[in-house]
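Both complexes below contain chain A, partnered by chain B and then by chain C.
Let's turn to the complex of A and B:
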């Protein structure tokens, strides 16, 4: 069994704001193996982006990591100095965001922006950096790479800009690519092209990918393993095939019933009632309890993640944060509220 | 068949730009019956919002006609339009964002009634209560401010305001696109209930074809300012006839890992609306394009089944017909 590339333990991150403290991430564990695509799925505000940005300590003002460790290839990223971290970012770990326009410099050609990353992390001549930039543009299938690298970001469509972002993220051959909703702002036709590209790049380059999305369809098409987030916690964690075949958590089941399947005929959808919790004041027990059709008296006490894979991790665990999955819950506590 | 509630006849909306006219809507004809939901889908920039704005006369169309109940409203002045405005309302992606933040939800919903001088303060309060109930918000919501609401609740406020004047047509421009998936179905189901109870009609615009099938009776597909296919929802799903519709369906991620597709899917991007391709505007991306397609623009032809398609080489009209064609070959 090889060691994980990244293992995040008990990550807790909060945002201190004028209007109170947001408990954005509340004890997330995450294990990622080399070459694996791990999907992080959940509704907006569930803590997906904050989890990713905590790994790289790229939190906006007011953000504080209050506990946890992020062991990356033997180093705890959360203990690194800013200088050490800036050598990891863009080199060993690449990042792609939802909105490439805000991540790109509008006054610099895209080619220069790729070259800058290379020059920052590698001992490489300007000429070689340019050659590498062209090679990267070809890798992400930007047509006419040789001439397009001299264009500015606004001269690209949204889909092509996202390819530029991916080229920049891949410049230094990272072992890990964090892609935070990389296709959310794109049309479905362009989304499918980008997702196919990510899978192909993983196959060719062998890097691991953390793919953040709110779309279970994207997870089904792309990820190997998936973690369902809600209220800053993992509700369910499983291999993708297992999650869709046998979802355990009431929230996962609710989500799957609420989304349309393009293969099935129309008719009424089954919504999840209510709305997500305010993370300044999250429910004290199970965060899903106010919306859960199965909620019981015991759900006012926070449930643990139950379930395990085999010890060798040959078949990774399907774990569920729900009292219904706890074999030890006494029957008398299982009464409906 | 009854006269349609709304009819667009070769509607055109060209914007002047420094690089020449931008043909956002380039000759679209369609109709919506009373009590019907027509869905409109297409990639971003294809002209959906422009069409919506032109038909409720937020734009003055540069060509063609808009008929409401047989009345030509295309060039009416603002004052002459007033009685028609009441019959058509619009809801947006975040309907509350554009509204006065200092007004309570109750005041916001009562505002259209006040402007139109309908009822007394007491009857209006009663009406606000009924409307809140209709959209699934409690009566206590009336005294709160919309900013304290979640996205789904805000959309409910927008809908209550839009239906306050009992319009016959509500134009919904991406009303669920910014909402969480668990909430989208709540709003879609609520809109369906409202339609069933009040008989209003919707033009429902979205880029999400799979969601549209759960709300629309018929679906129109737009590409670069043109309507390329229009059909009853089921037919558009089971047997799309335009290659672009087929492409849109195949691009939607399927929530089932067993159906995963690993092909490269290189289907290109939409050309600039300032430089529209000759002939069929889809030919630069179409796998079936022929020399005819590059030279001649195909007109929208509608069959007896109400299935319209603008393509020189349309796909077979239904799986059973396709089967027959194979058997006859």
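Let's turn to the complex of A and C:
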């Protein structure tokens, strides 16, 4: 087994706002291998986007990484200066954002927005940058690339704009693509096209992808491995097939139960009851305990990630942050509250 | 899409036509108001002999019926002739405007340059240093510039720099130093206004998603700000610059009075006290036409700034 491309250790990120400090990410460990698609799934506020944006320190105003390391190809990204980081951004790691309507500069042609990355990181002429941009447009299958390159973003549909974003992210052949909810703002048919494109590009170019989404359907279709986040922590980590076949964490089970079954049309949806914790003042124990149908007295103490893989397995198989998964918990603590 | 196709000639023609209609309304309204005001140009403390007044009225066509006066005035305006001054024999309103404008435009142009060349960078520096001392300092100065009226700036600076320190002349534009105080007093308000507007607009733009995209591309911070932030934040600034240019180039009576500059603003107010009908109308029409022209230029600048904007009928 090869060394991981990226390993995040104990990442903690908080946002300082006027109304208090939001503890967005509370100790996330993440290991990513070359060529792998890792899905980060969770509800809004679970910390999934902040986790992946922390890797490149692309945080909005008020965001601070308070601890942790992000070992990427032998370098700790979190220790780099802003100037050193800008040599990684867009070159070794590309980013695709959620809303292609607002993530492109409205006053610049899409071609220039692609060429700009190339000119920043590669020693090439403007003419070559343009040729490469056209090539990239063809790669992400934008029709009539040669003429479309001189258009402005508002002259494209949402799906086409997201293809432009992907072209920008892939311009310098990155080893890692961070895709933050790349299909959330698109309608369903376009979503499938974009996901298929991402998967196909991974197969052709061999880069790893971190795919952030709140949609387990997207994970099932695209990812190899998945991490379920809740309250700024990893609740469960597994290969996609394992997660869908045998979810361990009560939260994951709740999420899977909430997916509407197309075979039972008209049936009522099964939501996870309650609402996510206030991350300015997160619960001291398991963050999901207040909503958990299996909550126990011991859940007020924070559980660890248990399961195969935390000992000698280099590629973690399935791990769960739940007392139920801890073989060492004494039976008398297991009584329901 | 290039800018020509976003600005069809039909739209431009319609736009110019609308300007002419507006101008006609301005002319008609000022003409009507002039004639509704009691008194006349030749009424003064020193009563003129009735025969002389009648002769003067005849000379300037004031004995004609109002509709005929109106039509002949319109005919003059169409030929860019704003008529003779009633008060200063042998002086045409055209030459009055040209002469006043020559003075006003000099200080006005310098003031515009100050507003753009100092106001915009001040806002950028403040935005770049949000919450730190350069921001606080710039915004403190800008708040003062907005709160303190221009005549207070003018008189205080006149007292301090001309009278006390003797660094600048107290009036006139014979020396380059003579320009400093009037230009400062003229531009103070708009410079502050533009600085604040630039700051807030730039900060808003820097919170947009595409700024995060630019950062994710690995562009250095100043490139992100200048290439992606600034252009997108300039639309509100350009919007105010149109009227500001018209305002500064047409002068300020108060400032021209304080510094004893024979500018167009001074002519305007004097012509009102003199009941110099043709001068009042002429200068008003000139102001109106100038302002409309500036607004048209602003609309054309939008085309260049924002490719999403297009005029005329869309398919």
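Here is the rule we use: the second predicted complex is superposed on the first by the 326 of 337 C-alpha atoms of A that agree within 3 Å, B and C clash if a C-alpha of one lies under 4 Å from a C-alpha of the other, contacts with A are read in each partner's own complex, and residues count from 1 in each chain.
Following the convention adopted for this analysis, a contact is a pair of C-beta atoms (placed from the backbone, for glycine too) under 8 Å apart; a residue touches a chain by one contact, two chains touch by 3 or more.
As the structure is a prediction and not an experimental result, all values here were calculated from the model.
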Touched partner set for A:106, first chain B, second chain C, both or neither: second
More chain A residues in contact - chain B or chain C: B
Partner chain(s) touched by A:2 [first = chain B, second = chain C, both, neither]: neither
Touched partner set for A:56, first chain B, second chain C, both or neither: second
Chain B versus chain C as contact partner of A:276, first or second or both or neither: first
Chain B versus chain C as contact partner of A:81, first or second or both or neither: neither
Residues of chain A that lie at the interface with chain B and also at the interface with chain C: none
Complex interface listing, chain A residues touching chain C: 56, 58, 60-61, 82-83, 86-91, 94-95, 97, 99, 102-108, 116-117, 120-121, 151-152, 154-155, 165, 168-169
Residue numbers on chain B that touch chain A, as the complex places them: 43-44, 150, 152-153, 180-186, 188-189, 192, 207-211, 213-214, 233-234, 237, 247-267, 269-270
List of chain A residues in touch with chain B within their complex: 43-44, 141, 157, 159-160, 187-193, 195-196, 199-200, 214-218, 220-221, 240-241, 244, 254-256, 258-263, 265-273, 275-276
Residues of chain C defined as touching chain A within the complex: 1, 207-210, 212-221, 227-228, 231-232, 305-308
